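Structures given as structure tokens follow.
In the two complexes below, chain A is the common chain; its partner is chain B in one and chain C in the other.
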Partner chain A sequence: MSARRISGLWLIAPVTVLLVVGFLAPTAIMGMLSLRNYSGMSGIGDSWTLENYIGVITDPFYLTIIGRTLLLGVIVTALCLLLAFPLALFILRSGPKVQTASILLVIFPLLCNIVVRSFGWMVLLAPRGIINEALIGAGLIAHPLPLMYDLTGVTIGLVQIFLPFMVLLLIPALQNIPADVEAAALILKASRLRTFFTITLPLALPGILTGSILVFVLSISALVTPRMLGGPTYRVMATQIYEEFMTNLNWPGGAALAFVLTVIALALIWGANRIGNRLTRGISGGNS
Partner chain B sequence: MMPRRNSVWIVLAAAAVLIFMNAPTVVVVLASFTKTTYLTVPPKGWTLHWFAEVLGDDGYLRAIGTSLWLACAATILSLIFGTMVSYALHHRMVPGREAILSLVMAPLVFPAVVIGVALLQFVSLMGLRGNTLILVLAHVLITLPYVVRSAMASLVGINPQIEEAAQVLGARSFTAFRLVTLPLLKPGLMAGCVFSFVTSLDNVPVTIFLLTPRQSTLPVKIYAAVDQGVDPSIAAASTLLIAGAAVALIIAQWRTSLTRFF
Partner chain C sequence: MSSLSLRSLVKRYDETEVVKSVSLEVAEGEFVSLLGPSGCGKTTILRMVAGLLAPTSGQILIGGEDVTRLPPNRRNLGLVFQSYALFPHLTVADNVAFGLRRLGVKGAELSGRVTEALARVRLGHLGDRYPRQLSGGQQQRVALARSIAPRPGILLFDEPLSNLDAQLREEMQIELKQLQAELGLTSIFVTHDQHEAMTLSDRICLMAGGVIQQIGTPEEVYLSPATGFVADFIGSPNKLSGTMRGARVDLGGGIALTSANDTLADGTPVRVTLRQEDVAIAPIADDAGAGAIEGTIRLRLFEGASVQFLVAVAEGVELLARVAQQDPRATLAPGDRVRLSVAPERVFVAPAGAAGA
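Here is the complex of A and B:
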């Protein structure tokens, strides 16, 4: 072995040990745990079984939670795209000073703690929170609107938390569109709207796809915001995994649910990568 | 893209979205100064009472201490290990470059709660629950991707011949790295350092599974306090974290003009 190879191995040794001990081994052990039988009476058993997975994908209780989580992911992703687009366009078309200020205002919430931001939303959205009190004070409503402990609250919280990622990924995607392509469409008398939908949007598609997958995966994996704004009863997959491990102590069941969540997340990322590669190839192929 | 003028609609929409993005933090900061015992915005009267309460509370002080040293330890170890592995991967000193890189990046795509429960059952099995070293290593695991990504990106821009020149001139390889490559890496590592520190300071979904009931970090403490009932002291503790984020942002913008990267 060359001296170069040996020093290379020394350089990667600490991280390799960390990844094996801190990531691969725990995941493998959890995989085995998810295949153990479990009963509320005797705890974790010794025999192998698939019943934890079968339970997760057949029990209406779990199916409701999985369905709700995926729906939440779709809604949050769509709203993030809708809100991020005008902001990204605005930032790109602004002068350097406005550009820097707006980007700082996008990054700042990203650096603020998720617990703190969710707490801010609780203050705003609670039945006796600021928004409801203001609306009642203005005489617009008689009873507080249900803004929290349901889909509305969790959606608002998650959109605000993941919006910065979408904006920061859309900016380079829109920036890479050659200026003359849009100009050409406008010269050829296409309307602004038509130019946007037939030129800008398709060319920004790889960036849109990356941002959407990221936001979707982060939304379905979120633990803190759904717990704080959804309360103890409005459960999503991540909060249910937490309950199984910390309250019900049904570790095999929780591990199975955790693997289902992981498989969904990784499959989406893998699929998006493949589509993304094809898209970029298609675009660059079309140019040549 | 062509620098077209912004239409009124885009300006209004962008302003609304920016307000929406910053509303919860502004609300929390304002509410922390109220003289009332409940949260209200705008605050009724201005007082620092709730900050005094937080800073006089042993539980909060210990949580702030834990958060800070944990984030420091994790960031320093991440910087060292992350730079080492990036250097080896960039110069193709070891086989399996792609595999190692995707494994390092895996904690970014793996749901954090899954990493948390996997570590929980692992440390319970080993009888190491509440062990501080485990907590630090778990945080290195989740901060490493940020360091490695910024280190790899910076290494691409460095001409390897500069370091070779230093070695030809008689510098040992580590000296050549320390005196030549490291200073060139610094701006990139600075961004990775800020992201790593903030990620560690903020983390709840992994940390919460590894703490014993006697331990706490500041975000975990706030999270638990909210469950027991809301009062302005929670807003004051949150404001401390927001101030921390603001300082991190100012340092990052000042040292590396962060906004350049986007």
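Here is the complex of A and C:
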């Protein structure tokens, strides 16, 4: 290794130290913790066991929570995608003034703290919240609609929070589609709809995948919004991990659940990348 | 094959008229170039014919049918883009098949026609590749195959060769001309390159400032330019200014040339265009004919096929003359005294400051 290279390595030394001390070490400690036995009476024991993991993947209580979390992730990701795609296209195809204004509007909610935004949704969605009161007042419904403490409320909150990420990732992806390609499809007698599905959509796929992975991973690991809008009864993995650590003081159990969540996220990213590479062979990388 | 008529076509953006009442008739199987400098409106016209832009007013007829309000996918056209515009996520064969599938061509006929189209552009062996694995010239040939495969009524070209390097461009010009002649395709070819337009076209439609300056065969446009702009744009011209004195043009410095153009009044200030290849150069001993001007060679530029001479004929008046490299006069050297002459019908004059400048 040349002297130049070694001096170059110094540049990445700070971030390496930070990652080892701040990420790898705690993860390793958590990993060991998740393999410790635990009992409500004596706390964390000092023998090794797989009990915590077996508990998580066999107990119907945890399985329901895992299933619910994944379902939530899929729904939030799909809704974000459906809402963000037309918005990204609109932003891309409007004039410079409208473009700047709409990008600012998209980013604007990010300036507001998640707790505040989630609380805002509570005010709107609660059984005696603004929406239900208004609908009852208008005589449209007799009893309050269940908008909170369930899938609906958490979904609404998370979609609103993660929509900007999806929009901001889709814009460059759509921008990368060569200008004349859609015109070429139209001239070759494809309808606008067919052009969208056979040309625009496949060419935007890399951005769609990146955006979807990001929103999915953020959704299944979100804590604040599910805690506030899901309440104590509608539990997802992140809130349950919090519960295990902070309320039950079952650190090994919480650690095991956290690792299961991490493994699910990593598996999904890996799988999505594989699919992505296969579907975008002509656009990026791949064999030549 | 279809014919094409443009009737008083206008395109206006806010206050600017990019295309000003353009009318053009293109017969079946004819190859017409829209030639002009950038911003002359030629690409705008092409995009209106393709249906990618809506005209402000006027009509577009393809095969006698008014298509002015029809979307691009209902006009039965092919368009070859400057950027190629291949579908990057589809293989070469799938790119070519795209238009055929829209026509409902299936199975053996589909693969047969894809193979045929690719064979026509000599890319039969590359059907499985993706566009990014091909060179620029190959990509443009795929784009061509993709456009001709569905047998469109009219084939449009938007500066298709300008992204290619010079040699490849000349090869492609020949290929394109052969293909067009074989298939008898009605073609509209947009270019800013006069050589390309002259080589390929049956007729050239020369444009400037959104207005047609002249429509004619390459010979007509070259030999009898209708406006001062055309004379300046075509060939490699010497551009001078002068004043009419009867049938002669006074270029100043005691230099005058006879022009065949006798429509301009005595004393009119004019722009004079002399093509380099029309300026006959001869050693001083020779008799270069009537209207000869004497001068001294300042520079000799060897260009390969030809040699260019910069000749000072009077104080502040210099002319460029060009002779073939095989010509005995090509050996003239800087400092030699020479006689220059231009045939009267090759002296193009136009009133100074006339429209179309």
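General observations
The definition used in the following text is that the second predicted complex is superposed on the first by the 254 of 288 C-alpha atoms of A that agree within 3 Å, B and C clash if a C-alpha of one lies under 4 Å from a C-alpha of the other, contacts with A are read in each partner's own complex, and residues count from 1 in each chain.
Quick note on the criterion: a contact is a pair of C-beta atoms (placed from the backbone, for glycine too) under 8 Å apart; a residue touches a chain by one contact, two chains touch by 3 or more.
As the structure is a prediction and not an experimental result, all values here were calculated from the model.
By the document's definition of touching, of the two partners only chain B reaches A:242; chain C does not.
Which of chain B and chain C touches more residues of chain A: that partner is B.
Once chain A of one complex is fitted onto chain A of the other, the partner contacts of A:190 are limited to chain C, with no touch recorded for chain B.
Of the two partner chains placed by the overlay, chain B and chain C both lie in contact with A:179. Contacts of A:265 after superposition on the shared chain: chain B is touched, whereas chain C is not. By the touch criterion defined above, A:29 reaches chain B but does not reach chain C. Contact with chain C, but none with chain B, is seen for A:202 once the two complexes are overlaid on the shared chain.
Residues 178-180, 183 of chain A lie in contact with chain B in one complex and with chain C in the other. Partner chain C is touched in their complex by these residues of chain A: 178-181, 183-192, 194, 198-199, 202-203, 205, 280-283, 286, 288.
Those residues of chain C that touch chain A in the complex are listed here as 50-52, 71-79, 81, 83, 85-91, 98-99, 102-103, 130-133, 146, 150.
Of all the residues in chain A, the ones that touch chain B in their complex are 4-5, 7-9, 11-12, 14-16, 18-19, 21-27, 29-30, 33, 83-84, 86-87, 89-94, 99-100, 102-109, 111-124, 130, 160, 163-164, 168, 171-172, 174-175, 177-180, 182-183, 217, 220-221, 223-224, 228, 238, 241-242, 245-246, 251, 254-255, 258-259, 261-262, 265-266, 269. Those residues of chain B lying in contact with chain A across their complex are 1-6, 9-11, 13-14, 17-18, 20-28, 31, 39-41, 81-82, 84-85, 87-89, 91, 93-94, 100, 103-104, 106-107, 109-122, 125, 137-138, 140-141, 144, 173, 198, 201-202, 204-205, 209, 219-220, 222-223, 226, 230, 234-235, 238, 241-242, 245-246, 248-249, 253, 258-259, 262.
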